[in-house]
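First up is the structure itself, then whatever we jot down about it.
Here the chain labels run A, B, C, D and E in written order, and each chain numbers its own residues starting at 1.
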Amino acid sequence: MSFDWNFVLSTLPAFLKAVGVTLQVGAIAIGTSLLVALCNAALLACRVPLLQVLVKVYVEVARNTPLLIQLFFIYFALPSVGIRISGFASAVIAMTFLGGAYLTEVLRAGVEAVPRAQIESGLAIGLSRWQLLCHVILPQAGLLSLPALFANFIFLLKETTVVSAVAVPEILYTTKSYIALYYKTYEMLAVMAALCVLLFLPLSLLLGYLERRLQHGQFGS
Amino acid sequence: MASSGLELLWVSAPQLAKGAWETLSISAASIFFASLGGVLYGVLRNLAGLWSKRWLDLTLRIYLEAFRAIPVLVWLYLLFFGLPIFLGVSVPSFWCAVLVLSLWGASEVGEVVRGGLQSLPRGQREAGLAIGLSTPQLYAEVLLPQALKRIMPPTINVYTRIIKTSSLAVLIGVVEVIKVGQQIIERTYESLLIYGFLFVFFFLLCYPLSAASRVLERRWSHA
Amino acid sequence: GNNNEAPKQAASEPQPAAEAAAPQGYLDKIRERDRLIVGVFSDKPPFGFVNEKGEYVGFDTDIAKRFAKDLLGDEKKVEFVVVEPASRIPFLQSDKVDLILANMTVTPERAEAVDFTNPNLRVAVQAIVAEDSAVRRLDDLADKTTIVTTGTTADIWLTQNRPDWKLLKFEKNSESLQALANGRGDAYAQDNLVLFSWAKQNPGYRVLEDKLGDEAPIAPAVKKGNIELRNWVDEDLAKLGEEQFLLKLYDQYVRPELADDTDPDSVIVEGGKWQE
Amino acid sequence: MSALIELSSFSKRFGDSQVLDGIDLRVERGEVVVILGPSGCGKSTLLRCLNGLELGQGGSLRFAGRELGADADWREVRQRIGMVFQSYQLFPHKTVLQNILLGPLKVQKRPLAEAVAQAEALLARVGLLDKRDAWPRELSGGQQQRIAIVRALCMNPEVMLFDEVTAALDPEMVKEVLEVILGLAESGMTLLIVTHEMAFARAVADRILFMDGGVIAEQNDPESFFSNPRTARAQQFLEKFSYVENLPRRKTR
Amino acid sequence: MSALIELSSFSKRFGDSQVLDGIDLRVERGEVVVILGPSGCGKSTLLRCLNGLELGQGGSLRFAGRELGADADWREVRQRIGMVFQSYQLFPHKTVLQNILLGPLKVQKRPLAEAVAQAEALLARVGLLDKRDAWPRELSGGQQQRIAIVRALCMNPEVMLFDEVTAALDPEMVKEVLEVILGLAESGMTLLIVTHEMAFARAVADRILFMDGGVIAEQNDPESFFSNPRTARAQQFLEKFSYVENLPRRKTR
């Protein structure tokens, strides 16, 4: 079977655009997920029982159901109650819903990994709860969970392929369109694989580097 | 709609059950092999570091990165359609799905195992060596049982992701539960009902797992 | 005829369908295996879908059963493999199936990758809009958003002939219709058969008169170079034409869905004889 | 005038176990009190109660004449009672100077220049001025512990609590930390010290407090306590410590 | 007859840093050698090289007349050289008895009954027979360390290596562990001991080895070494340790 290089070349502009969309959806979703996760981590750290339960229910529901179905509900079901959100926004919301839950878990683990004695020594110099959170717990939790956070960023970025289902023209959407139109299955899959390697491999290598650095003492030079 | 919806679910129950069974069996098999492969990967990676075997470390790293960077969907196509064309080996679709999910899962579980082993105090391995244990004995008797505590919770999260990802197998002709749902939707247009069912189905499948992981995590962190 | 045995999936397929350069004839090979392996859609009524009883049925699917009967003497000797639009051709290329009977529109690009037999259906693409829409003619859609289902004839035609239209592509027909109902696009272009049956069941929509391009043939496909099987399918289609087999399927699957005055020959191609 | 710290029948329970059982204690301004006692007798808990890391369940705790209960303004109290822990607990994500300045700037809202000046003076006093911009992990245990002491001192506390601050150190680094504490004692600061270094206790203390099973079993001036413990429990305890020193030369060979 | 352990110009590097630099050492059967030296001087590394946890890069290491290099059968050697670590390193997922029996059963493939009998005899000897079914986490540090010693002893080794085995213990628990080691020394076992307990070193050693910067700076019998160290470095080292003991009583008050 011959590999149609010319065809591949002709599709590159479209794929370039698709990469842009993937990065855009991914970056926004990662940012909002992080925001949600930070709020959740703060809520969990504040130990208000009702809020804790709410956060936990959210995390469990989001983590234990497929993104595709979450997405369908937001995109196809919400309009029946009068809320119509664009495909792009739906994608970001659904990914934030899922990503927020995963990152909350990561931060929670990070907060729990901060030694109790660190918190006590913060208290001992008179820091308030809020100051403790900002100056002692979150920076350390953040650094402790950096590798896990990063791994989840990559995971989220990969999950963007799911949002092709609501007509967001990212990499998989473009791949599928071309396959369906021209049946250049292998060419298109190869392009997709190559793009993924280009996108994710550097991130993954960075992750490995971060992990190694954190092992040799987290902080400083 | 409520009664007709329930009726539809009732009528479609055998179909959905078959799809659910397919999802379950792919997931179970993949989880099994991913666990085995993950432990093997983790131990080899750990040893490669200790013995400064760069080539082994590099090989494993490439395997990991390949499955991290290239989506499962592409691997499914590659192995299912590519193997017969390029190597003349044909793997039935069910087993091809299991193969890909296992390889992918093994890379994820493997990283967890590696991290778990690495987080053990170095003294434990030395204490084991100091009483003359061989390397396999060391891992089987001393290191893996201890690392299990740290490995189990994140591994279970990988398991739930394997379950959720198993639906991609539809691309190579495996009719799992989401596909069955779509078949029903295309005939009846009852998408809310069916997706609601799928939502609950996956939640019921995955939640006990992640709840178990949490319980284990809590129990073991106090022990 | 009804096939009560639950259809098998690719999962149980034990060996590749054939080797390309087998010394033995391809038909002999199928006969030896005693099973005809066919790739079909499982979620595209009325062409290939799963009924309430969980059986694989439909226009294409039933033809496949009939092929099995004519070739192997028993319609139960067919094995269905569920395919997706994007996987139809790879299934053939990798010898996973003998035949694809999955509503595949004949296009020049595809004809390079596989060999089509004579057609069994024809498709005309039209567009549906809301009753109160200002859109009257097809080209009124130029500055609007048009919904299509990925890989359908409408998708192909619009991409090639109206490259600057704004298209919204969904994987499934039901999703496209849902998107139309939710007002995410102004029109939905699809095989008119699907549109007519939807419009009949859902008041408030109207099908535009204009057709998107010519009517196109839909045909079964075999692996590139598998002349033997292609010829056999052509012959069998001709034979089926004599007994008006497709008309029976039309009556069974399509007629109740459409307006009473619809001409069956606007949907089926009896005997494999394509007439423009 | 009342004592700086005053506990009367102060008690603390963890679940079922009574960890502090009716403690009566007065610590005067400028006094150096060393608390000794076997592991688990409640020494750390006592110190932790003094600055509210644990709350008592019975009796009263007074600091500078003020009653401290669950509703006390502990943040304010903690600025007046510094505490140093066994495992230093410097904040690993902050440099030495940032560690020291966190309290003065964020809690006490003092002007930067003044706080830095004091921090540097204190660093100089413990001999670590050159480490002001180092990261904690770059320092030895003894250095980290001295920084931890400076961090507490820079809040200008009236009392310092030391909880086995040399227990986690390499033996060679014990000296540098003890010297700093000795200096504080000599400057007249009020100190409560938990330690296992008997010789140090003897040298630094104005008063020895011997705890056992959650009660103060004996208290005395250091000379009397070490040369002539009155309770059997204290005798036993001191014997264990002198075991190594009094080890006889092995007979064989 | 040759010595039990014989190192000649033995060297070990980690990356760029020369951690052991041409060590010459002979340990006779039945000898008790105590290794002293400042932190980071290579004491632990020396012990670890003796049972192959680290491999040397130059010179030779002989055990019982046999040359031990990278290709030696270390598993066999390790059965004959027991080692005990600072942080005990009991296997937390196994009970006391399971910890002790792992080596005898899995490595030495000895019959269960015989191994259990020996394990129990050894447990009785260190006074912990009643803990045979306990989990490590239920034991105090001193108890865990004694179990760790039993675990090594139950392999019937010819030599035992002790690396600061009391450094992580509460001071009160030091005694029970040192007593066990003293007992071993008296029974005539060959011991190499790294410790920071000077009094113990003096009491137990046949010979003191003072290391500094990867070389053996001085060796002597304990009396001479402690009362009359010959090198300046050893003098300095000993001074640091006597600091606490010789602390003067504070002048104030």
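What we mean here is this: a residue touches a chain if its C-beta (ideal position, glycine included) is under 8 Å from a C-beta of that chain, and two chains touch if they have at least 3 such contacts.
Given the structure is predicted, the values throughout are model-derived calculations rather than measurements.
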item: Separation of chain E from chain A in steps, with touching chains one step apart; value: 2
item: Furthest chain, CA centroid comparison against chain A; value: E
item: Taking each chain's C-alpha mean as its centre, the one farthest from chain D; value: C
item: Interchain centroid distance [CA atoms averaged], chain B/chain C, Å; value: 35
item: Chain centre separation in whole Å, for chain E relative to chain C (CA means); value: 80
item: Centre distance in Å when chain B and chain E are each reduced to the mean of their C-alpha atoms; value: 46
item: Centre distance in Å when chain A and chain C are each reduced to the mean of their C-alpha atoms; value: 38
item: Set of chain E residues in contact with two or more other chains; value: none
item: Multi-partner residues of chain B (each touching 2 or more other chains); value: 77, 81-82, 85, 191
item: Numbers and ranges of chain A residues touching at least 2 other chains; value: 1, 76, 80, 185
item: Touch relationships between chains, expressed as pairs; value: A-B, A-C, A-D, B-C, B-E, D-E
item: Interface residues, chain E side, partner chain B - complex; value: 48, 51-53, 74-76, 78-79, 82-83, 85, 87, 89-93, 102-103, 106-108, 137, 148, 151-152, 155
item: In the complex with chain E, residue positions of chain D that touch it; value: 32, 38-39, 170-172, 174-175, 178, 182, 185-186, 188, 196-197, 199-200, 202-204, 206, 222, 237, 240-241, 243-253
item: Touching residues (chain side chain C, partner chain A) in the complex; value: 85-87, 89-90, 93, 109-110, 113, 150-151, 155-156, 159, 168-171, 175, 178-179, 182-184
item: Chain B - residues contacting chain C, complex; value: 11-12, 14-15, 18, 22, 77, 80-85, 90, 92-95, 170-175, 179-180, 182-187, 189, 191
item: Chain A residues touching chain C - in the complex, by the definition given at the top; value: 1, 76, 79-80, 84, 87, 165-167, 173, 176-177, 179-183, 185
